[in-house]
Amino acid sequence: MAKTRAYAFLGGKISKVSLEKAAQLRGKPGVVIWADIEEPSKHDLAFLEKGFGFHHLAVEDASNTRQRSKVEEYRDFVFIVLRVFPKGSCEATQLNIFLDGNIIVTVHFKCIESVIEVANDLEKNPTLLGKGPDFLAYTLIDQCVDDLFPHLDEIEDSVDDFEDRMLKATSPEETAATLKMLFGMKKRNLAVRKIAWPMRDVLTVLARRDYKYVKEENVPYFRDVYDHMLRITDMTEMNREVLSASMEAYLAVISNNLNVVMKKLAAIAGIFAVPMVIGSIYGMNFVNMPELQYDWGYYIALGEMLFASCLMFMYFRVNKWL
Amino acid sequence: MAKTRAYAFLGGKISKVSLEKAAQLRGKPGVVIWADIEEPSKHDLAFLEKGFGFHHLAVEDASNTRQRSKVEEYRDFVFIVLRVFPKGSCEATQLNIFLDGNIIVTVHFKCIESVIEVANDLEKNPTLLGKGPDFLAYTLIDQCVDDLFPHLDEIEDSVDDFEDRMLKATSPEETAATLKMLFGMKKRNLAVRKIAWPMRDVLTVLARRDYKYVKEENVPYFRDVYDHMLRITDMTEMNREVLSASMEAYLAVISNNLNVVMKKLAAIAGIFAVPMVIGSIYGMNFVNMPELQYDWGYYIALGEMLFASCLMFMYFRVNKWL
Amino acid sequence: MAKTRAYAFLGGKISKVSLEKAAQLRGKPGVVIWADIEEPSKHDLAFLEKGFGFHHLAVEDASNTRQRSKVEEYRDFVFIVLRVFPKGSCEATQLNIFLDGNIIVTVHFKCIESVIEVANDLEKNPTLLGKGPDFLAYTLIDQCVDDLFPHLDEIEDSVDDFEDRMLKATSPEETAATLKMLFGMKKRNLAVRKIAWPMRDVLTVLARRDYKYVKEENVPYFRDVYDHMLRITDMTEMNREVLSASMEAYLAVISNNLNVVMKKLAAIAGIFAVPMVIGSIYGMNFVNMPELQYDWGYYIALGEMLFASCLMFMYFRVNKWL
Amino acid sequence: MAKTRAYAFLGGKISKVSLEKAAQLRGKPGVVIWADIEEPSKHDLAFLEKGFGFHHLAVEDASNTRQRSKVEEYRDFVFIVLRVFPKGSCEATQLNIFLDGNIIVTVHFKCIESVIEVANDLEKNPTLLGKGPDFLAYTLIDQCVDDLFPHLDEIEDSVDDFEDRMLKATSPEETAATLKMLFGMKKRNLAVRKIAWPMRDVLTVLARRDYKYVKEENVPYFRDVYDHMLRITDMTEMNREVLSASMEAYLAVISNNLNVVMKKLAAIAGIFAVPMVIGSIYGMNFVNMPELQYDWGYYIALGEMLFASCLMFMYFRVNKWL
Amino acid sequence: MAKTRAYAFLGGKISKVSLEKAAQLRGKPGVVIWADIEEPSKHDLAFLEKGFGFHHLAVEDASNTRQRSKVEEYRDFVFIVLRVFPKGSCEATQLNIFLDGNIIVTVHFKCIESVIEVANDLEKNPTLLGKGPDFLAYTLIDQCVDDLFPHLDEIEDSVDDFEDRMLKATSPEETAATLKMLFGMKKRNLAVRKIAWPMRDVLTVLARRDYKYVKEENVPYFRDVYDHMLRITDMTEMNREVLSASMEAYLAVISNNLNVVMKKLAAIAGIFAVPMVIGSIYGMNFVNMPELQYDWGYYIALGEMLFASCLMFMYFRVNKWL
């Protein structure tokens, strides 16, 4: 069922109103309205068109949850789609914003925490709405953009972590775990990047000095979010390069580890081969093998074996194969 | 043989007409015409020039099925080429659209299902044609664009699937199958990308606010398809990165698997080498080998073998080589 | 020695003329001239400047066969350099075109088949020259551009072929051949790409609607070649990606094949190690080894060997190492 | 605690003033002021807004140490954020510059040596401040930009060093160290690149000929820093390519080293296998083995072993496996 | 010590003059002057500012040998910095050009052969200077640009050479040499690329039709050098791709070679394992081993060994492991 929240700001005070009332107040001078519809029913969506008078194509886009972030200007309102991450998740959801001179309507199918936070802020501090619907849009977008940073910070931490693990972890399980981690980080970074670039385009439009639906005194705020967005896209590009370099370096590390294993195998083969050869020599059944008759023959053979093996061992040690 | 379909919309009703009749109605005010020619014969193509009066270069392009998506404006009509995927296939075919103030002619050499669907929709709901030939062009293009999404969704599913398989599948056959799958997905993604970018250029032109052949009330629809197209190109870029990362990660996984195999080989060599050395020692034929005379000599030797092998085994276990 | 061909078109008829005559007819209204100079001598090159009056820098460029495709406008003519592939070869040669209101002079140091073909067409159909020197330039360029497609088609075929071979060919010789083939295709694709991009720039200029040296009715033809060029650059980009992906995938396949070999090696080592250990045990010379006295001792030992080997074999089979 | 430095230049002389005094002198003609605040307290930050009259959004940005380099024009001043490296470190810090017609205020949370150097220069040579606050900004930025070069030089040295080490170092430890070094250089280069590009954008703005806050006679100085910046971004791009090529080449070197190890292993196996087979043949207990009775049988067997091993050894030597 | 050369062209004749004289002639109509200063002393640099009147920032840039190629317009002269390769070397040096209406001053710290060549040409053919200082600048730049081609040709030759070596060279030493060669070519190509792109930007400016310091009749010459520069950047891009592809292909070749080695190792293990097992069987000391008593037992055992080894050998041969 739809959870609807609608606030009207009039004369310095804020009051909760019904959706119908909110729609009637659209365009009334001196009033600022914020209506938030979570999990809209078919009826709610129809009301957006009939009650609020928004263009049916915009309403259709709002119902289709696979939109790309965009800003679309219609004759008497602007329609903003933002793909955002709900806190702690990497599955993007869609936040639709209808913005007009005195009203802002937000529509979303999933619970978005930053919306709740802004609503709570608003109840504590009603003047927030008094700065106009564009300022409220700014607070919402700012929250959504700031929620992207923890993802990027975690990726950066993982990379720092990787640098330590890179050369230490040599067991196949740890290696596999590191590979999984690197691949996961790469996918996560791509997920952030995928929503960051279209959002940046949206903010390029909104932070324009002469944008119709943003009051001039609020432009610096949008420019500020835009700067954050720039930093996010910078970070995703940087992460992308670092992660690629990490994967490349790790492949070389794995190959190097293989070298280590193979050298050990060769050393094992070399060390044990010599005594076996000696043993098989004195195991031959020739009638005339004078050494076999010696009293100390056995001990000399044992000594030879040990000596040869030690020699081999030292040879491999010195060459760092063991 | 050519399958021709021609519809004329006049006074709120729709009627099937012959191709010749359709050509005559070109330019008649109040009538909207859609002629669809599948597998055109030489005669049909000639008729496009002589009957409908389209420029012969456009008709030539329509006959050559290896065009790139493009939009070309001629003096009195616009010629649109779209490369589209027939449903479920990855082999692009060509859809040619001749668009004028009151007529739309579509020409294609292969059966394109989205054309059939639009035709069926039209027979159910004749007013579709009443909105003008540009709106019909929009419905056609919209269908073609939407038919690209399943391909991309399948690729995304494969990638998600890959993440699970990446570390599990270690047999050479499964690995080969996964490599084949990754390579196939890469080619498929490239195929979508190849047709998506030129189509996006076409839509950039058609969604321009002041484009002559699109009525202003229909511009938002084209802008909508354009947004879909943006999402498609975004997705292909994203898929491309993910698939590259997958291939890279998989190469590292294969190398890591090789490490596992080599460690096992080295462990096998190490574990069996010791008893063999002991065996070959006591198999020597020296006359003076006191241990051989001991009553418990044999059992002690067996014990040594077992003990050494177990020691080796545990050493390799602890170091995770086994 | 230079092979010179010069045609004059006057009053619907075409006649062969000498180079000197051709030069005199430059600028004469009503006459259209095409002079083609193959393997120009020093004298011919000097005549271009003195006889035809072309700027000496253009003539110098025409003599230097290492130019890049370009179009250069001089005061009273335009100078076009095209790097083209002679049919079937991948070694680019240079085609120089001097174009003026009523004359086109082509200069090249190697035999270019498309020039010959156009000459043959012209002798069959003299009106070709009647459409102006710009149209003749179009036919020439169109031929050269179309000669690029077979190269790209062959690359695409090789890639399709590769997909089949990728997993089948495991012998080192076949692998080496496949690698050589992939590398060769990559170089070939690059060779096409290298000449395609500058040629595209040339066509961007020539297909401009208001280009001085191209008559307006011929613009659609140049636009058409330009579209072909777009398709070629598209294809080279696509091929590039596919070939990179192929190489990457093949590297993984080779690594995977190595896994197969190593697993077999480990299996061989494992299967033979056990009977050897058993054999060396019963080959020891201890006095007190009761099993040796058993009547069935030997057969039991043989049975143990067989049993252990079969167990090993089955173990490796089940784990798909063999 | 905040360390504050404020200088006022008046009538050719320089004097230390308090922050409050500095704020009062803002806008006074004939006076040039530089105030530097290190580790600003909350009170200092508030004073920037209230005392100096800077816009609160700029002050907020100055307090948030995770900004990206940028230049923001406000109504009566320009706010510049620079991310710089403190000498010898790779951890970027933030330098905030408020610039006006006669005042420059610098705010930073960490000690930045180039600021100290400029302060020292200023005390020696007071006329530095006489050239205006924009010139002082130039000296600061110039210092910060020049501090980037040592990082890039070190990376280039490492690469030159790498070329020597690439083929020499074959022990796993050295290889691992080289990989770590390459990866570290890549990260360092990325860190420089990350701060270089936004800084370049800042300098593009400041070096514009008609920029309001830079006097025309000082423009060449900013253009000069801009050229340095260009060189830095060039170098980072170059380093990036070289480091990628290094990593790629090193992976091939490691694979090649593996080949060396494997060939040695195969040679060891081959050389020892033959005497073992001979030994095990003559160790068989058949009653009728005539060779066993020969007087020279044992020596012949030993000779065979030696001969076969030498043959093997030479075979592998000639084929460069040993 | 500085080597100074100064030429004055007056009335069709050329005369050597002192630097001081050259400075006095700056701006005199009818005289054209070229002053070349190699290894300038401090005094020379100061004279550039005081004697010739060039802006001190330009002179500073000329003294700093780590500039990037650039063109900077000052009020009454243009300052050009070119990074060029001295013949046969890959270490770029800097050529500074001060260009004015009637004077060209070149400053460089290292001997640049193309400058010497131009000086020699000039002494043979004094009219060269008569065409103006811009034409002399053109001859200098043209020489420097043409000196880049041999580097690129050598890289292309190496690549062609590589294609032959790729599959032939299998010994580790040859492989290492090939890797070193590829890496060296990559660095060399990057070095060319690094100086080519900024130089191209310089030429874009100088080849502009309306550039103040280049006479209109000399523009085609600069356009010509610009075309050469385009070809150079094209070639570096092409080389870059080919070298990357080469490295990638070579990595695959090395992996494939490893496969060959491993297969041989496995074959050696397989071939020798069987006779060893047979030998160890008949070397067991069981009392009851009937085969041992057979007259032909030994020969049968030998036959078995040979037969099994041959079988193994043929198996591996057929499967192309040997």
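Letters are used for the chains, namely A, B, C, D and E, taken in the order the chains are written, and counting of residues starts over at 1 for each.
One rule holds for everything that comes next: contacts are C-beta pairs under 8 Å (C-beta built on N, C-alpha and C of every residue); 3 or more make two chains touch, one makes a residue touch a chain.
Keep in mind that what you see is a predicted model, and the values were worked out from it rather than measured.
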Superposition rotation for chain A onto chain C, Cα-based, multiple of 5°: 145
Computed distance of Cα centres, chain E from chain D, in Å: 25
Rounded Å distance, chain A centre to chain E centre (Cα mean): 40
Two or more partner chains touched - positions in chain E: 248, 251, 255, 257-258, 262, 265, 269, 276, 279-280, 283-285, 289
Cyclic ordering of chains (reference chain B, direction chain C): B, C, E, D, A
Chain E-facing residues of chain C, complex: 55, 57, 61, 66-68, 70, 72, 171-173, 175-176, 179-180, 182-184, 186-187, 190, 194, 197-198, 244, 247-248, 250-251, 254-255, 257-258, 261-262, 264-265, 268-269, 272, 275-276, 279-280, 282-285, 289, 291-298, 301-302, 305
Touching residues (chain side chain C, partner chain B) in the complex: 163, 166-167, 220-221, 223-224, 227, 230-231, 234, 238, 241-242, 245-246, 248-249, 251-253, 255-260, 262-263, 265-266, 269-270, 273-274, 276-277, 279-281, 283-289, 319-320
